[in-house]
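Same chain, two partners: subunit A is paired with subunit B first, then with subunit C.
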Partner chain A sequence: MRRVYPLEERCINCHLCEVACIVEHSKTKSPVSAFHVEGLRFNREDSRTVPDPAEALAAGVPKPLTRTIVQTAGYVSVSTNCRHCAEPDCVLACKNGSLYVNEDGRVLLHEDKCVGCWMCIMACRYGAITPNPTRRNVPAVKNNGINHHCDLCPERETPACVWVCPTKALVFEDRDVP
Partner chain B sequence: MNYYEEANGRVALGIRRPEPGDWHHGYAEFHVLRDDERCIRCLVCVRQCPYDCTFYDPHRHAVYNIDENCVNCRRCEFMCPTDAIEITRWGAGFRENDNWRHRTIRAIYKQADTGAVNLSGLGNDLEYVSYFDRIVLDASQVTNPSIDPLREPMEMRTFLGRKPERLGEDCEMHPNLQIEVPVIFAPMSFGAISFNFQKGLAMAAKEMGTYFNTGEGGLHPDLRAYADCAIVQVASGRFGVSLDYLAHSAACEIKIGQGAKPGIGGHLPGEKVTREVSRTRMIPEGSDALSPAPQHDIYSIEDLRLLIYAIKEATEYAKPVSVKIAAVHHVAAIASGIVRAGADIVVLDGFRGGTGAAPTIIRDHVGIPIEVALAQVDQRLREEGIRHQASLIAAGGIRSSADIIKGLALGADAFYIGTAAMMAVGCTACQQCHRGKCSWGITTNRPDLAPRLQPEVAAERLANLLRGWAHEIKEMLGLMGLNSIESLRGNRLKLRGVGLTQVELDALGIQQAGL
Partner chain C sequence: MNYVIIGNSFAGLFATEAIRRTDPEGEIHIVSREPQHVYSRAMIHEMLAGVVQEPMVYLRDWDFYQKMRVHALLGRTATGIDPKAQVVTTDAGELPYDRLLIATGGKPFVPPINGLQQVQYHSFITLEDARKLKAACEGRRDAVVLGAGLIGLQCAEALRHVGMNVVVVEMADTVLPMALDAVASEIISRELAEEGIEVHTGDTLDLVISEDGHPTACKLRSGGRVPCDLIVIAVGVRPNIDLAKDAGVVTDRGIVVNERMETSAPNVYAAGDCAQGPEIITGMTMPIPVIPIASTQGMIAGYNMAGKRRAYRGGLSLNAMQFGGVQVVSYGFVKDERDGEVLRVEDPARKVYKKLIIKDGLITGAIFVKDIDRVGLFRHLIERRIDVTSFKEHLLSPEFGVAHLPAEVRKEMFTTPQ
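Up next, the complex of A and B:
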């Protein structure tokens, strides 16, 4: 199965992979709208077409969240995302079956099922799962955003982060090791 | 963000006040405009700017610029995912004055600030006449047929080095370099340029059947695999020179001078001497790499002969030895002496040649154009009957395949391209090479900047450039009715001058257009 692998020595810490990820997983697929308009709508249920970035910021989440995260330490940087393990700990830990492995081997989420218990976050040995505070299926409980991790861009042949990387520091290939 | 903290010190005070030692930063040259509708605050530009020009202010949730630091490298423009950035000139600048131009005024401010020699990168950027642009080419019409290079073979192969005195069974053959395109990558040392770029040059040279030149900074152990396409340089600093270094080469080059700074040595600042550079150059890490102005064992043609033959001995007469000089007055007499001293290749570097760092005043005012130097040297060597004893490589300001065709007709065998090669991999000619912060990862070894240029990407783009030029050269040869580079070499009847005086035409050895 093909996965996204980062090449640490090529990463230039530009974070364009994050931008591409956000845009790819937005409704409009337009960077300006994804960053300025959609985040506001997700949070405020607001139908206004003209966004106010300050309001979006005040609302806490100005845009859809990225699924790949550039980690930096000094001069070293690397873009990290879900490893789509062959025997995923997160799927074993998921108590209501909202995480599953599809026929391609991708670890995916039933977004409507997830209750935000975060057991997957606890179980993931790579720290590749983050909570998504813009989506809560149990509104009564605070701070329980649902599971949020790389889905390998189901609508694209090559994931957006791989396509956008200016130094080809992300590769999409088949290796034995996750 | 720590950058923000630094910037906040200035911004929060609300007063921008250039310090007495910093007046040249008092007037910004460029203005970075950011379309706020388009800016998505992804901060790519903030992370990409190595010149401390772009900042993020979390209180305003906005990106802004300290324009006085902008050098117009255009990296932010290139990387911006929404095309929100535009760099313009700042306002009116100084009052219009053709005598006291802004660069002149700024140079004085800078020296009054620092009391030092102003440095620059890249090459001479003043408005001297470009003879290449005043020369036009001939074409075949009716009386002689032109040749279509897509249908007929076109010979591009060139051999560089000493040729036999006469042909025959007993003729003595000398070591020669074989190149498939008449373009070689110019000497650019590891240290001045990044490892990745040098590796890219080596890979492209290997692919295209030509050579790259190590410059004076030695050959990194990881590049010794490319020894077959390396020309190794022995310069006045002797950095990285050893028997092993000379052995890992296709040819050796003695560097006497550089077109951008004839008569002075090099200076690689200690900050650029990283661990790898120090290992390659065989000097302590962090120490300035100063190469002396002259080679202190060469004070005459006779001394040069000693070094040439010392290198030939060391390499067992298996490799051609080239000598590189800057084009200066009396270059023809000097070149004649160099050929008689035993050089197999003479490299002439014109005053447009590039550099990693040179005093601006020397870069802009010393040396002569490559076109006249080339014409004069070729003429002189022919008159003396020693043209076959050495090949001529022209360097310094070769910008296109047209320059190459014209240079071939003026008498060169091959050409060095340095600045053009850098532009192929992203250089925007911002002239900041001497600062070691190249935002394109070309002239820097800073670990956060160097990966911006990847060897494979560089090699592909460089090979494409050579392929394109080779195709254009074939087309231009064909339209002149020639089917090989050999037929054009020194064939000045194919050239005509436009808008040149008789003295200039005579110096170039060409005729006025129309005659």
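Up next, the complex of A and C:
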């Protein structure tokens, strides 16, 4: 299947992939509305000092709800997201069967079922899962939220992050070995 | 090909799916003592607390067995295995097998306590246990939970949530003595105290005082006495190895399996909490009773049973839990600091605590409290035995991520299908 692969030597750390991801998964699909009206705006610097997503939301510095995350160290920058593994560790760890492998190979979430136990965050060796504190199926639990990861943009031919990347540092390719 | 699976939880479930992917034709029988559709034991405290809807505890849709073309013998008990004749006996008759998976999970350990056998006490393992406990809460007020492990504390939190007074008694000096170190345990203790749960560590029950089969109070070893009309025993869970042992299959603490999940008996496999498989840090075999290991072992067993040779890399003890508003993730051996370098970050005001134990360049244990951003990267570093010496100073920084890994590690992770 086609998956998103990063080419880190082309990445210029512009974070446009994150913007495109957030906008694509917004209601309005307009950057200004998504960030200022829907409140999906994020502040990377502030959110680092408040790493807990629910706390950050309460403090008005929501963590980026992007599904691809640009990570930097010195001169290295790379945008990574869900690998849509063939035998996903998150699915093997999910404590109530909320995560599943779809028929087309994508790893997806039953959004109404996820209880926010974060077994998936513990299990995912790619660090591709973040909590989404804006959706809570178990409000009685403090800091509840649901799993948030790349869905390969079901409404698009090419995922938004790949489409937007000005340096072609993300590609959408089938690298499966038959 | 005739497949028989004893047990209907994570290991049995993922084995079933792996068998069906590999062998669309074979006959699959699942035998389970529990009558329910495949469900998660890790959801029963949320059921007891009443914070989730019942459908959320089931692991697959209602038509799962139908879709997988599985004969599900639920509410049936396997009573014996004859490895020579390759037959499983059940209370519903005999089941011949070509490949057998024992995935019988764990069973609660109940210590001898004076007066305990005279009263009705509760375990907290199955959905049925949770239902019984919930019914027992009606008209009762004072619960005592013996054992401050994961199950005991989750049960205590749920009982508190439904309005009971809850006292937890734990023999060890800290809560979660197996899963966490002293600092992390202390953070959890404070959360429990804030929720109004009373915890007595370094103590145990000396006597259960009862009247007409109903408990009225418990005497503690330390001399105290606590009122009690409901007792939950959550001291621990042991691998459920009786069937295997009686059949002459080699057992130790669990049913001993190799990297293909094969037991000592031909065509008999074991997986999940009942199995004792290879562990990746020590290279020894040990039971690792956690969901991701049960699922992975079940999947590996299923593939091998159906004729697709797959080897298991070895398990890593790993857990995620939350009490109060605090999430905790742990990997490996979190208390064994001997001959190791220990890296720590503590921010008590925000309840953040992170610790890594590094031996000869390799991480052997890790705890993350509250800040669990991208912690799964540590699982990769531990399981793939990656030397962290060259980027050690970044490991516990808030920015630590994929970009800090050596380029060749990143390449292996992100340029090929996983």
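Definition applied: the second predicted complex is superposed on the first by the 152 of 178 C-alpha atoms of A that agree within 3 Å, B and C clash if a C-alpha of one lies under 4 Å from a C-alpha of the other, contacts with A are read in each partner's own complex, and residues count from 1 in each chain.
By definition in this document, contacts are C-beta pairs under 8 Å (C-beta built on N, C-alpha and C of every residue); 3 or more make two chains touch, one makes a residue touch a chain.
No experiment lies behind these values; they were computed from the predicted model shown.
Undergrad: Consider subunit A as the common anchor and indicate whether subunit B and subunit C clash or fit when overlaid.
TA: Here subunit B and subunit C can both sit on subunit A without a clash.
Undergrad: Any idea whether subunit B or subunit C touches more of subunit A?
TA: C
Undergrad: Contacts for A:73 in the overlay, against subunit B (first) and subunit C (second): which applies, first, second, both or neither?
TA: Touch status of A:73: second partner only.
Undergrad: For A:167, decide between first (touching subunit B), second (touching subunit C), both and neither.
TA: After superposing on A, A:167 lies in contact with subunit B but is clear of subunit C.
Undergrad: So, A:10: does it touch subunit B (first), subunit C (second), both, or neither?
TA: first
Undergrad: Go through the superposed model and pick first if A:18 touches only subunit B, second if only subunit C, both, or neither.
TA: first
Undergrad: In Å, how small is the closest CA gap from subunit B to subunit C once the two complexes are overlaid?
TA: When the complexes share the chain A frame, the smallest subunit B-subunit C C-alpha distance is 12 Å.
Undergrad: So subunit A touches subunit B in one structure and subunit C in the other; where do those two contact lists coincide?
TA: Common interface on subunit A, subunit B vs subunit C: 54.
Undergrad: Given the complex with subunit B, which residues does subunit A contribute to the contact?
TA: Residues in contact with subunit B: 9-16, 18-20, 23, 31-32, 34-36, 53-54, 57, 62-63, 75, 164, 166-169.
Undergrad: For subunit C, which residues count as touching subunit A in their complex?
TA: Its residues touching subunit A are 14, 40, 42-43, 46, 49, 51-52, 55-60, 161, 291-292, 295-296, 299, 318-320, 322, 324-325, 327, 329, 331, 350, 352, 370-377, 379-380, 383, 394, 398-399, 401-404, 407, 410, 413-418.
Undergrad: So in the complex, which bits of subunit A are touching subunit C?
TA: The contact residues of subunit A facing subunit C are 3, 5-6, 8, 48-49, 51-52, 54, 69, 71-73, 76-78, 80, 83, 85-87, 89, 91-93, 95-97, 113, 115, 117-119, 121-130, 137-138, 140-143, 175-177.
Undergrad: Of all residues in subunit B, which touch subunit A in the complex?
TA: 37-38, 40-44, 47-48, 61, 79, 81-82, 441, 447-449, 451-452, 454, 456-457
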